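Presented below is the structure to which this report refers.
Think of it as A, B, C and D in the order they're written, each chain with its own count starting at 1.
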């Protein structure tokens, strides 16, 4: 018992932290590290699922894999468009919910609803709404006279990705709206009052006060959504499975197919590694921006 | 029974704690020691070190003949009253008071008996079943005190226990505190930045600044014989006049006016200290007077605080005069009584004997 | 923001009001319409569901789709699986995440910044990056078709959120309380259980709801690690329902299954809206 | 050691009690789950599409009537066969397969066999039992020379044609690609037929199957299973793809054909809008049904070929295999043999109209009475070609589908598309 009190406290601390750290290492660090290792092997049906060391062969194969590049393209498009739309709609929703009106709490609850529901179930709902024959969306458009015959939203390669984006926007806009709403509510009203006394219009208020002060929240929300959208799986898996003809195949769907359908573990691991690196790079850039922005956000 | 000894305690800088340098203190049984100083002086650090909430970088803490430096707070048998009272919000008053005893596996009957006892002179009747949220500030303060008293600890620690009370209540509780702790048989260490509390409650006061112990003395001596320039300026309100003066042979020169230095002081410069309440109006015919111009008069109620610019200098002198005295609109003659003068070394700040 | 000078504003104010009302209405329609359509579908007769043009106001409502999913599929079993996995992993997650959050909030550990940063970054990585490694682990430990195959990853995927949210709650608690407890003689673990736990109960509920929602909704692991009918969770069971009727997709049953599967979450949201919002923002913004 | 104890210093009970309770609860529930799953009579489980499950009910009843000690639990899966394949794959991959029997498409076999998931039946079936099976169907059940599957249902792609329209125009059914094109143009320009030829152009397995037929007709090959040579960038393959593309550009096929699946093609053919259709035999009874506008007006033949070459139909069909990890291999073998038996096949064929895998059944009076056109089908099956029986077939097929689709939708030239396809396929197969 010659340990100092500080040592004891530290030790207690480690014991408190240990289960969480072990769990995170097991479920996060190990799989990703393992993927790095496995990506150097060929382990697929051709090798009867035995690992054979082939160095960077998998990465070379990836370079000429047209489907991989298409999936990267799809993922990028999906991520960019859906996050952008979600930001705009989310900001709009947040601004509206930040006004005081009767029943605001109820509206806020309802606006949050899409976020809380299971994506896989919601995907079936949207599949049904966008059904080419019985879908209500086609019906509404036809009643409005905008189209003459029903569009096969999910079956037509030209429409499928946009349809999936629409569903994703619906599902995750509330998340952004809530984050931004919290940011809006933290901006003290006196700032607006002072600025208004200075003669600023509402638009100037928004542009010169709301937007800069909200920037940290916007960036964080974007970062979160970017990462989630880049890894989108359940929505697309249920709505289109990546089809038609790979039109909605994102990296996640491709990775899943490579591993679970083709049993091409080595190549799947290489895909995981590359996706991980791309995401890490993007996160690092975003974090760098964020850290530069932080001083501006420190007014609280 | 027990005696609290701090031996050369050091706490080096870290972001959370004010540093502490080479603090040694002895607190005897029943003695009420106040740690006094401005914020950031290290007084809370000292208290937290004693409690074991922080670990000293160097030095030792003894309670009686136990070296508790490496003991956990709960093992030191101390009790502490916090500024925020730190009552457990989810427990009843009774459980709050009993918690420390229960942890020491005291039989329930004895706990009940002890609480009764404390209850009697703190007057907590009818509060025992309530939760802290349902109590007023003064009541919470009492519960916090009760929680400490019931423990019969080897040392009491009180961290600014009055600062969350409003002014009226504070005076009342201050008086009660004095009474309650006069019966206690353990060392009491009390932290405050309020010198009135320090003066009224303590048997001894330790003035801290910048992590250093400045003076450890009875309240009276702290006031009458401040050990250095810092203590002189910190204790007493309004603040003591501290005038840097040049010396000319045996005299310090306040403008044109020579002030005789005590014999042993031979320095080119000194700091002259005099409390505003000791400056008095010159009587008619008095010779060695100081001429000055009244720059500002602040009415403090029972007296007036005058800011006087000493003639021929830019030095300002404050004097506390009772309003029944009269003086000229502008010009005023003042006397600095020799027995009320304090001299300090401008280099070290130490008192010159 | 507030009303400007009063004379000219009456007119401007009322147009503003109407504009606001319209926008709110749009938000409500946007959020509710798909769910309401699915709800309506679940009560329509099969003939009405397949009618062209669509039937918006059915003359006849039916609950046959609801009885059908319970009759044809072990739907109660799915509900139980989802509930059991979600509740167990939520409890485990709180049990593991809360002490860690406390350690990170208060105990000045060396390297805690690294742990914290790692926790944050980890929340950004999609599960697809993990599932190859986890698949191997599941195979190695023979956890296929085992609740643990889901409970462990669900717990892990919610631990970062728990740590972030609980840590920010712990940091808001007054320090004096813990100091007081230490002086009273509580050990760190006792203090966590007897003093801090009761105080953080609201925060625990908040976090628990968020983790429950995440676990209930998870799809990828449930799809991959469970192949036995009797072990499937709601999202996977419903998603796989879509192709199992003989000649066409059973839209009515699918709608009913969706409604049932989402019902617990809707209830949670209605009851705990405030807390969910709190937790979401604490988890995301504070980090 | 001591530090752990230190954690629970004075009052350690609440913590420990809670942990113990949680663990006990978990254990109890898991145990309960395990017990609930193990029951008394031998249950053999098999996953099929919901459609097959419905159609196979009488087979199950017949088997259980003869074998009271065995129960067959048919799990209904999705109707899309690739989803069934995925469900089987993930359950085998996990190592805890709920299925004892595998009802599999011919193209899955190499994968399942190479992965080591199937019981080797080579030595369990007497050779004389195998003699009755069609060679092509039996071949589809082998991998690396070992038998893993007993065929229960055969299939081969055909060319459907409107014999009434051809008679009207005074031409013979086409034998070569040029004849097919010419006949189509003639019928279209004469206003007899709106479209000439429909096939399955959507990016899915059906497109690969169509291409296999065309490729055989041009004398090309996809992957040689023995030496793993990839033939996709050979001139024959490029010519085959050029043909497919020409049908679209010349207006013989409707522009939408690049998004068609089997049912789209059948609806068009049955609706009397097209003269030639590439499809599986399942369309025959449907198009010849009482309410079909073209009942009796069409016929079937082998797909066309280049002059001097022969046609070969892409072989399909289903068979039954046994999971390697099954606890009841003998019982499972009884089920498999039953499903492949003449009686069972007859029962199923009379109900559902699929093609048999046994020679004897092509001469079966009961079957021929009901389906007279079966008599011509035996030679079709005998001439059928397998899609490459390589373990990575699914991957190879997806590569090919992508580039076929790119070429027929005019995003790449046939040559560039097939070169890319060949390159990726070689990279895939070189991974050994």
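One rule holds for everything that comes next: a contact is a pair of C-beta atoms (placed from the backbone, for glycine too) under 8 Å apart; a residue touches a chain by one contact, two chains touch by 3 or more.
Here the structure is a predicted model, which is why all the values come from computation and not from measurement.
With contacts defined as at the top, give the pair, A-C or C-D, that has more of them.
Ranking A-C and C-D by C-beta contacts puts A-C first.
Farthest chain from chain D, going by mean C-alpha coordinates, please.
For chain D, the chain whose C-alpha mean is farthest off is B.
Roughly how far is chain A from chain C, going centre to centre by Cα mean, in whole Å?
So the centre of chain A lies 16 Å away from the centre of chain C.
Using the average of all C-alpha atoms in each chain as its centre, how far is it in Å between chain C and chain D?
40
With chain centres defined as C-alpha means, what is the inter-centre distance between chain B and chain C in Å?
55
Based only on mean CA positions, could you tell me how far chain B sits from chain D in angstrom?
92
Please set out, as single numbers or ranges, the residues of chain B touching at least two other chains.
52, 72, 103
Got the chain C residues that touch at least 2 other chains?
As it turns out, chain C has residues touching two or more other chains at 108, 135, 185, 187-190, 223-224, 242.
By the touch rule stated above, which residues of chain A touch at least two different other chains?
In chain A, the residues touching two or more other chains are 8, 12, 260.
List the residues on chain C that touch chain B in their complex, please.
108, 174, 176-177, 179-187, 190, 195, 198-199
Would you tell me which residues of chain A are touching chain B in their complex?
Residues 4-6, 8 of chain A touch chain B in their complex.
Could you pull out which chain D residues touch chain C in their complex?
Residues in contact with chain C: 6-12, 14-15, 18-19, 22, 26, 29-30, 33, 36-37, 49-51, 54, 75-80, 83, 87, 90-91, 93-98.
Can you tell me which positions in chain A touch chain D when the two form their complex?
Where chain A meets chain D, its residues are 8, 11-12, 15, 42, 44-49, 52, 54, 57, 60-61, 64-67, 70, 155-157, 243-246, 257, 260-264, 266-267.
List the residues on chain C that touch chain D in their complex, please.
84, 88, 91-92, 95, 135, 138-139, 142, 144-148, 185, 187-190, 193-194, 223-225, 227-231, 240, 242-247
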